[in-house]
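Letters A, B, C, D, E and F mark the chains in the order given here, with residues in each chain numbered from 1 onward.
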Amino acid sequence: MKKIEAIIKPFKLEEVKTGLADIGIEGMTVTEVKGFGRQKGHTEIYRGSEYTVDFLPKIKLEVVVSDDVLDKAVEAIIRTAKTGKIGDGKIFILPVEQAIRIRTEEQGDRAV
Amino acid sequence: MFKKLAIMAGLAALCLSAPLAAHAQSPAPAAPAPMEQRVSDLEAIQTNNPPSAGGLLEKYAAPAHNTWIMVSSGLVLFMTLPGLALFYGGLVRRKNVLSILAQCLGLTAVVTVLWWAIGYSLAFGKGGILGGAEFAFFKGVEFEPNRTYSNWVSHNIWAIYQLTFAIITPALTIGAVAERMKFSAVMLFSVLWMFVVYFPAAHLFWGDGGWFNGLANADAKVHAIDFAGGIVVHITSGWSALILCILLGKRKDFGRTPMPPHSMVLCTAGTGMLWVGWYGFNAGSAVAADRVATTAFVSTTLSAAVGCLVWGAIEWIQRGKPSVLGMCSGAVAGLATITPASGFVSSQSAVIIGFCAGLTTWFACAKLKAMLGYDDALDTFGVHAIGGTVGTILAGVFADPHFNPNLDNNLSKLVGNGLWLEQVKGSLIMIVWSVGASAILFFVVKALIGVRPTPEDEEQGLDLADHGEEGYIET
Amino acid sequence: MFKKLAIMAGLAALCLSAPLAAHAQSPAPAAPAPMEQRVSDLEAIQTNNPPSAGGLLEKYAAPAHNTWIMVSSGLVLFMTLPGLALFYGGLVRRKNVLSILAQCLGLTAVVTVLWWAIGYSLAFGKGGILGGAEFAFFKGVEFEPNRTYSNWVSHNIWAIYQLTFAIITPALTIGAVAERMKFSAVMLFSVLWMFVVYFPAAHLFWGDGGWFNGLANADAKVHAIDFAGGIVVHITSGWSALILCILLGKRKDFGRTPMPPHSMVLCTAGTGMLWVGWYGFNAGSAVAADRVATTAFVSTTLSAAVGCLVWGAIEWIQRGKPSVLGMCSGAVAGLATITPASGFVSSQSAVIIGFCAGLTTWFACAKLKAMLGYDDALDTFGVHAIGGTVGTILAGVFADPHFNPNLDNNLSKLVGNGLWLEQVKGSLIMIVWSVGASAILFFVVKALIGVRPTPEDEEQGLDLADHGEEGYIET
Amino acid sequence: MFKKLAIMAGLAALCLSAPLAAHAQSPAPAAPAPMEQRVSDLEAIQTNNPPSAGGLLEKYAAPAHNTWIMVSSGLVLFMTLPGLALFYGGLVRRKNVLSILAQCLGLTAVVTVLWWAIGYSLAFGKGGILGGAEFAFFKGVEFEPNRTYSNWVSHNIWAIYQLTFAIITPALTIGAVAERMKFSAVMLFSVLWMFVVYFPAAHLFWGDGGWFNGLANADAKVHAIDFAGGIVVHITSGWSALILCILLGKRKDFGRTPMPPHSMVLCTAGTGMLWVGWYGFNAGSAVAADRVATTAFVSTTLSAAVGCLVWGAIEWIQRGKPSVLGMCSGAVAGLATITPASGFVSSQSAVIIGFCAGLTTWFACAKLKAMLGYDDALDTFGVHAIGGTVGTILAGVFADPHFNPNLDNNLSKLVGNGLWLEQVKGSLIMIVWSVGASAILFFVVKALIGVRPTPEDEEQGLDLADHGEEGYIET
Amino acid sequence: MKKIEAIIKPFKLEEVKTGLADIGIEGMTVTEVKGFGRQKGHTEIYRGSEYTVDFLPKIKLEVVVSDDVLDKAVEAIIRTAKTGKIGDGKIFILPVEQAIRIRTEEQGDRAV
Amino acid sequence: MKKIEAIIKPFKLEEVKTGLADIGIEGMTVTEVKGFGRQKGHTEIYRGSEYTVDFLPKIKLEVVVSDDVLDKAVEAIIRTAKTGKIGDGKIFILPVEQAIRIRTEEQGDRAV
């Protein structure tokens, strides 16, 4: 099993979710995060005091998948999240040793 | 002075504890006055002239005027709670929002009790610098108008109306020292400050026999005018704020960490409330629903609008977009600046004053502060001291007896002439007084109980440190 | 009683559907009254005395008094929307904030329609326990003052003013049962409660011929006074709240999960609005902009301030820091407690009452509740029942004809004498009545439609469960 | 220093114990008019009739009426700031909340300056379609009443009162185009729109000699009545909003991305403020605290309540739960719909109007919009255009001289007869006018400066794009 | 060392925390997240416009533990987080290569 | 590649960000989290009801780095995040199997 962590633009979430659902992925977890990268932020000025915002709102999507679905899932994310503009984000793949569904205590691929 | 105060307090306490007797009989109806007198008394209500002596109405306030001052009292209290509380509260960081609310609420409560006990008497009793103890514990402050201050408004509602000014003045000051002064220190400082700065200022410019009360006191030492508190409210609070924030030092990590407003939504909502409440502040200061009141209502509206536009326009030109905070600040600046002039000037003058308001306060907040480097957290100095000072001087320039016939009583020679100079004098005296007194009080409070929270408390936020609460809980 | 009501309703419906004819002619001008009468009628407006019979002004309300009551009506509505809605809304958890707003808004709408249809008539028609149907559908409730209730205020604005009281009373109650009572149950309970508790209470203490209306009814069975609703509003709502929250049971996970206020910012903003609006509540209850109004204005201000200080001080002493919620609670307690006394007492008495308010309600909320273990979610009992009861009794102790000459009409023997005992009697009767009736109604509603949401709904929050909406959406 | 102060105070108290002199002499009294005239002028204030010619009071406004209109002006401004700003601000997405606040604030400021410069004159000067320049820069707009518009209210406060209507009207429009129109475009469009739509509309229906001013102009071309702005405010803004939002196109991703209100808490708080402020709007439109004012106060209350109930009830029936937004919308719809009728109708009619308000606006917002597919973001059309139109026609049906004797002046033949047809005519003309003019202005503004933000700006939110600020900052 | 990531229902947090503390776990980090899965969301309607919410509020709990505590910890979480109803959530176990306590620069098991 | 997860005190974020930027790290993702640990919380009292807060606000910083930068990055975080007081936080290092830049579909070290 692998965990896919995708950092994407917030307004792409719906599309990515649908894209993943289309290939049969039924579970995921999202977090509102702030990203720092090449995409430049903006400056706000409050009565003459500057306030530079270089952490931009992003969505972190976490999906744990069995190894055989991994590639399809990554591809689905790339396809749906890409705008081609700087700041589109990253996908990281991490190893997962075990997954357990709390309700049923099922383990492994059956739990995700 | 404290000794004198103590004696007064003692005396008043005696009065208070004495049986509440003797005053329970209704006024025995005298023989009715002649018709001419009765009708002209009724007319006097409409024209806001004093009643004749001995008529039935001499002992009465007029419902129409009383209504306006009750409404105005509500409006000015509304300016502090929740108006200013939200305006300031939105401008601080999330972790300090409650500290602002607590200070506004705490000051409201403390100043009310002070005012009742002795403050009103010191401010509006008879005297040169301060009044006496004649009205301590609101003794004799009842339904019948105090005709020194108003022809037809009850003495007691006049006292409450003035209370609302006494409340908001120290509340304005806390903006400068926001996010880094202990609640206890704010409270103690403010209590002392009321005695040393506010009560004298209110008396000097507005009180019976006040030395600088140019409008009502023919023998005034400075013939200054201050319609609704340019000096008494905005100069005293604003300049005190400046020295306070310098002495207190900058907020921890100021300049290194950004400290943007945590909620421009609250701030803007507060601005709207301040604007609406300000009608009570300015138009209420006519102490009647008369021609002066409507004049003040008009000039207040225009100056606020123009101040808002000017500030927004400068930002638009200067960096391509007008900010909401800029527009809010301009509106508040327009309101503060017109305050001393509001019941004295034409609508055209109000527009000019609003224009100057926007320009000067923008410069003070966006340029001067950066140049000089003090940390006036919420710009009390930039908006209120500058606005109040500019407005006070402009009041001297634009005051016009056509819009306020009272200017013809004692000031006919000065109006349109040297009045602005009197305004400068009055302002300077109170600037020096406010700055000096506040500096001394600062060190007194520092010595007694300390002024700044620990760095850890400041880091964590004053909401938790001073009140053990959080502004927002997400769960 | 319900049968009687049904008949009344039917009759009224008939009247309503009848052509709205016959009433379109302006009053034909009678021969002008003698000058003496005309002038004394004009004076009567200023002194708030009744007009002479047959004069021109007999058919008129006076603009000055009408203005004050229009303003006061607006202020009291403002207390509920958005005042109380935000005060209570801030105190619940995030997931239930809309349920509070919905209940405040829903009650406003429902009570308005009830009041118009029959409620006003039952409360302010003529009778002992309840009025008749004479004013159903506001029949005849028009511009001309109903001089039983007011010399110079229009009957229709008086009816609306009283409506605003009828609205806020059940809205206060919902604080106790917040976060765990279905919207439908709150609505149904409140509708029934208006008939069984509020309309009778309002009539008994304030209505024409009301049995406990000590001020206006010489033949009252209990000679109680209640200036602005210590009994009628705060005792009825507060004690009903107690029994309701006991019968309803605690919130799911109460005691196990912390349930802190989700936004002390909203709560404090609401407190400010309540305070300002309360001037309409108390000073408006003079039903004129007269001496009694300004008296009430003063006492309201002082009691609120002192209540706030006392609660804050207790917390400061007891645990080292005053909380914002404590100060807000103290202010509201001061306001609730002075309510029955506000138009009867001196400023000195108001300070004492405010002091007692802070002390007793703090004890009730911070100690008694923990000792007894009921879950009064937002402390309606602790603040309003205790404050209202204490204030009602203290009104009997401190009422002073000097500040309200009406006390001399029917109560001259009792004032300063046994009046407090009448107050105790009046309070006790309404406590028993409120508790008993609310208990019965609770079971009626439970049987009819159920009262509590499912545990899942409670878990998820009433906003989603009852209204399908969320208070805040982050995206 | 304290000692010195004390001595000074003492000295001053001694020196200045002289009486404060008579500082209240007014314009030299002409030979007093005969007693009969003086008394009947005083009575005229109470009955809201004009003063006699040549009497003392002819040059005066009456404090009681002035107070009510000052209060009402404050209330209507409060509707925009912060009322409407919060109501609309809560309904948009988080990233656009400040853009709403900025537009409300900016419009307030800009319209104020326009109004002062020329707008008031165009609207309320003399003429058929527009007034002249006689009141430009508030020339001559001072204390003395303009008796064309009011018997006893100062000309200048009347001008400010009307200003608050001129402010809120374009502010209503922005709801339809929220989240996708540039700040600059909103401002430019609104400025032009004031000249092309609002000033004419106000003049036509309310102005001296206005062609459609059925109430005051015997020679009107259409004998329409519009008590407080069903046509002038709600039809003009609502129908302009419709065409604007169609021409502007849908919000980016409309239909694909959900766009729920980011804070129903702000929205509901705003609703409460709108409701309370609306009393100034409707009851203030009597331009006196007279019988018409209290009538309007009553009908406003009832229609709001019934509208709220009806909308809630429909939702409850239709999908099992009443939403808070539904109840808020119903209340606002009730208020908008009663507006043109408020000072003309009985309480029973108000209930019927409120009922129609809830029904029709619910249908427009929840059904019609989905059917036709335009993106009226905050339902300005659904609530204000529909409510205003329905209310205007119903005003013609239910207007009753018993509640407003002015209907007997020029309309006695039409009332209860063909008045509703005049209402239809008036509405149709202004619908066509508003839609046509707004369409043209839209293209003008588009050509000059463009109307929509870039897709990136729209994506990021207008707060950052147009103002460089964020509504909420979490740190 | 392993990192346990548990997605749980928000109102179970207190219980889970206590459960973990009981077995001697002294540190953990929680994040408010939104979960998509089999548990169905709800529909909100704003003046006729539907708004479907299928991301439900969840809590993500992260605990880094030494290998020997792993099983006990997982078991404690299951025990305290389970309601038996759909949406109870998942536990994922990921390998951790190193842990450092910033204050003391202690490393490995001593750091968690 | 490794993922560094650092739990730090919120007010240290700016410094840590600068510290990382200084050594050439150009991307990172931060999340507001709540931490439970040895650092003790506080008690709030609302009208007599106690409310104990033992989850304190922390920032979770996630940086995926190539193996060769790992040590420098960890060191930079420690240096800038340390105050020496309890609650300074932790650094965890997790293996990452793959990283992809969504915009360009670059993979591996070039993606981070």
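Assume contacts are C-beta pairs under 8 Å (C-beta built on N, C-alpha and C of every residue); 3 or more make two chains touch, one makes a residue touch a chain.
Only a predicted model underlies this, so the values are computations on that prediction, with no experimental measurement involved.
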{"item": "Chain labels contacting subunit C and also subunit E", "value": "D, F"}
{"item": "Leading chain pair when contacts are tallied as C-beta pairs", "value": "B-D"}
{"item": "Subunit B and subunit E: spacing of chain centres that average the CA atoms, whole Å", "value": "54"}
{"item": "Intercentroid distance (Cα basis), subunit D paired with subunit A, Å", "value": "48"}
{"item": "Separation of subunit E from subunit F, taking each centre as the mean of its C-alpha atoms, in whole Å", "value": "18"}
{"item": "Whole-Å gap between the CA centroids of subunit B and subunit D", "value": "30"}
{"item": "In subunit F, residues with contacts to at least two other chains", "value": "31-32, 44-46, 94-95"}
{"item": "Residue list for subunit B, restricted to those that touch at least two other chains", "value": "35, 39, 42, 45, 62-64, 67, 71, 260-261, 319, 323, 325, 468-470, 474-475"}
{"item": "Pairs of chains found to touch, sorted by chain label", "value": "A-B, A-D, A-E, A-F, B-C, B-D, B-F, C-D, C-E, C-F, D-E, E-F"}
{"item": "Parts of subunit F lying in touch with subunit A, wherever the complex brings them together", "value": "3, 17, 26-31, 64, 94-103, 105, 111-112"}
{"item": "Footprint of subunit F on subunit B - complex, ascending", "value": "253, 256-257, 459, 464, 468-470"}
{"item": "Complex interface listing, subunit C residues touching subunit F", "value": "258-261, 319, 323, 325-326, 329, 365-367, 369-370, 379, 382"}
{"item": "In the complex, subunit C residues that touch subunit D", "value": "16, 20, 23-24, 26, 35, 38-39, 42, 45, 56-57, 60-64, 66-67, 70-71, 73-74, 77-78, 80-83, 85-86, 89, 97-98, 101-102, 105-106, 108-110, 112-113, 116, 137-138, 141-143, 154, 156-157, 159-160, 163, 183, 266, 466-475"}
{"item": "Subunit E contact footprint on subunit F (complex, rising order)", "value": "2, 6-8, 31-38, 55, 58, 60, 74, 77-78, 81-95"}
